[in-house]
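Inspection log for the structure reproduced underneath, given as structure tokens.
The letters A, B and C name the chains in turn, as written, and every chain counts its residues from 1.
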Amino acid sequence: MTAFVIRRLLQALAVLFVTSVIVFAGVYAIGDPLEILLPADATMAEREQVTRSLGLDKPLIVQYGLFLWNALHGDLGTSFVYNQPSISIILQRLPATLELAFSALFLSIIIGIPLGLWSGLRRGTTVDETIMTGSILGFSLPNFWQGMMLIMIFSVYLGWLPSTGRGQTGTIFGVETSFATWDGIRHLILPAVNLSLAKIALVIRLTRAGVQETMPLDFIKFARARGLSSRRIVLVHVLKNILIPIITVIGVEFGSLIAFAVVTETIFSWPGVGKLIIDSIRVLDRPIVVAYILVVVTMFITINLIVDILYSILDPRIRSKAQ
Amino acid sequence: MMELKTAETILEVRDLQTHFFTPQGVVKSVDGVSLTLKRGEILGLVGESGSGKSITGFSILGLVDPPGRNVGGSILFRGEELLNASEERLRSLRGNRIAMIFQDPMMTLNPVLSIKTHMIETVLAHDNVGREEALARSIEALRMVGISQPETRIESYPHEFSGGMRQRVAIAIALLHKPDLIIADEPTTALDVTIQSQILSEVQKLCREFGMGLIWISHDLGVVAGLADRVAVMYAGRIVEQGTVDEVLDSPRHPYTAGLIGSAPAANRRGARLQQIRGAAPHPLNRPEGCAFRTRCDYATDMCLKEPPETAGSRAHRWRCFHPLADAQLETLP
Amino acid sequence: MSALTLRLLGNGMLSTALNGIFASTKATIAFVVCLILVFAAIFAPWLAPQNPYDLMQIDFFDARLPPLSKSMSGMTYWLGTDTQGRDMLSAMLYGLRTSLGVGLLAGFLALAVGSALGLLAAYARGRLDALIMRIVDLMLGFPTILIALLILAILGQGTWKVILALVLVQWAYFARAARGAALVEVNKDYVEAARCLGLGWGRILFSHLLPNCLPPLMVIGTIQIANAIATEATLSFLGIGLPITEPSLGLLISNGYQVLLAGLYWISVFPGLLLLTLVFSINIVGDRLREVFNPRLAA
């Protein structure tokens, strides 16, 4: 088990290393780092200072070393716009994005799995057809347009929910979150729905496929032969079997939720890391972009690692083999 | 110890027909099967693959899936007609009064659930008892089939057991509610020969002890010979011969039965060529008219173009053949 | 060339695909819709009542008119006008042209590059295979939008940069599919026969292997084209996609976003519906093709 974890850890570190090289190459070797890391109106003195601290007059290898060293110490440059270390700005905004991503994940599970089960068990019927076509619609709807339509319907015409921004936050278990206040939840609903729609469609299809693969298997027939109720068969035998691959996919998809938050946050003016990156790209605040890339990639790799380990824990066959 | 002659008839199957409606045509998997079983009796249902023996077993439990369904006949279990029973009634009987043991326990046990879960849920599906009692009964059942240290072994997962042990677990599960009838579908085919004989003798012992009727489905006449009281031979969806083991094996009347007996390795002398039944079993969609065996039979005539009715020999020995083997012919068989 | 094309179109693949589509009402409708939209895109300059990018034809005073309003010259603005006075219907037709054009181009390029690499990997095996697949796995581990975002952040804006970003994002799917199909084919006799004949590997790859690997590529291609169109629209909406001189539906919707809260719904709703119809129809056809060619695969 430990050997397995260590191996995966090393793999993850390798990917991280490769990414850092790519980012480094993109910023330092291809572009002009002074261009990228300094605002256009920097003085000669500032340029010289940056040149020295980044070692831009030294060979590339040394530069990379300095880059890594700085990165590991949390120094990923200073934002032009905010005049603070970019890493701290990113970390400030991250909780809002995570909150959005978790809500979307939650919605996709509680809506997606039941619908997928229903669809899979009623294969070939109208219900199945409808749900499947609905799922195609779900991932065909352009994310941003769908968000706009949600605002239009629920905010402008019906006036039920606020259109933009994050609501009041409170603290639950020491974590600042929108779930603590009703106002916060009201502001969270539309963006979370918007972000989750494509994921719901994905979960529906995954669950349905899983059900279709599992139902004809022998142990289901044996379960029926023992007189178990259909409810038990579906909820325990089928579900437990398909849950494991579904959880792993969902776990990996969590990373893409964080990425797609970019669109949702832009539309709903949600103060997360996604809106930050779009704004930063627009105003060419490149230190933020660099910091964002590294933070997000690290998160991705960590998520993949955790999901891998989780998978091996959940599937008893792999667990024993690893032991 | 049950007195077989006066025991109650628990199963009476009459002219059972189960057909599969495939895009390529209708497959008559079970085409007029009739058999009976008494309490405590062991019936061996023998036939090659495709003969319909497994489907017969599934039909009794109502577990035939589309595109197959029952199209005729009757199945009386302790006097109750099963063929038009409600799904809920069938569910309450399955695993409870009628249990089934499948061929490959690795496939029939859910790999992500422990043996404990499998057994407790089977108990709770039919008895309203607490979990502790369900657990105790399960452990007892495991002990009965010869699994040592059942209290700890029950926590294991299917893949942690060997093939023979898994089959014992399957038998234990079948015994949890002391059913009246057990249908075992080739349960030892996937196992080692030595394990096979162990399991056979244990099953036989348990059947006698609890007075359970057992239908043992197999393609291996030899296995059935040592285990069963009666045997029924199936070919192309029909029972071509049935009777007590002694009668059928000593004086087979149907040429197919004789062929089966003759082709068993044990029946042949060392070094002599194995006797084979010539030809191959017909494709289920393409069965010959009348007697399905006539294309492979040395004694077939034009009469055989009609379906042979059941002829009765002794009270229990019956066959379907226009040209049953006479005693003289039996001498010539090896 | 013609022999190769015949072989590519042959194998009954096209007829299987079309038969499969027409066997399903849903897919047939979607397919017809796609054809209509492609037709509309190609003939946009003739179909549109107005050329929305010819400044002479736009009347700024006609800006923000709701649907069915009339212009001074008597022309009906069927779907209203946008913030610049452009006829929405015309803008949408031209936008459709751009969106579809970019999507198809990016899709085909990704198909070409990805399949070539995938076939190469399958044929070469060994280290080259491992290297290519490592890169593929790496790329597939990250969400499309993120990679596109980052590439454009580094490269800047421009039509060809967007297409490049889309291709870079999508080639990996094709590579994996092509390799998978090729691995099955590469062991078959005809490949060995071709090798014995002394044919060069390029010839074997493209004339012999490729035609037999096409079905899964066709399935993925359809879905990826829909993806490309949707991703480009998203990027344009975010302001980092196509430049304003080549507005796609995404940009139109983006313009509409700004006035959405003021109640001018038609500027964003109609282009959005058009985009949705396009992507949805392509996806339905793609899903149907998937059922036809890989019946066991789902999702």
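Here, a contact is a pair of C-beta atoms (placed from the backbone, for glycine too) under 8 Å apart; a residue touches a chain by one contact, two chains touch by 3 or more.
This one's a predicted model, so the numbers in the text were calculated from it and none came from an experiment.
S.K.: Give the chain pair that accounts for the most C-beta pairs in contact.
M.R.: A-C
S.K.: Taking the mean of all protein CA atoms as the centre, name the chain whose own CA mean is closest to it.
M.R.: So the chain sitting closest to the middle is A.
S.K.: How many Å are there between the centre of chain A and the centre of chain C, using C-alpha atoms for each centre?
M.R.: 25
S.K.: What's the distance between the Cα centroids of chain A and chain B, rounded to whole Å?
M.R.: One centre to the other, that is 55 Å.
S.K.: Write out the stretch or stretches of chain A touching chain B in their complex.
M.R.: 217-219, 221-229, 232, 236-237, 240-241, 244, 315-317, 320
S.K.: Can you list the residues on chain B that touch chain A in the complex?
M.R.: 61, 63, 91-96, 99-100, 102, 104, 107-114, 117, 121-122, 125-126, 157, 159-160, 173
S.K.: Which residues of chain A touch chain C in the complex?
M.R.: Answer in residue numbers: 15, 18, 26, 30-31, 129, 133, 136-137, 139-145, 148-149, 151-152, 155-156, 163, 202, 205-206, 208-209, 212, 252, 255-256, 259-260, 262-263, 266-267, 277-278, 281-282, 286, 289, 293, 296-297, 300, 304.
S.K.: Show which residues of chain C lie in contact with chain A when the two form their complex.
M.R.: Contacts found on chain C: 26, 138, 141-143, 145-146, 149-150, 152-154, 226, 230, 233-234, 237-240, 250, 253, 256-257, 260-261, 263, 265, 268-269, 272, 275-276, 279-280, 283-284, 287, 298-299.
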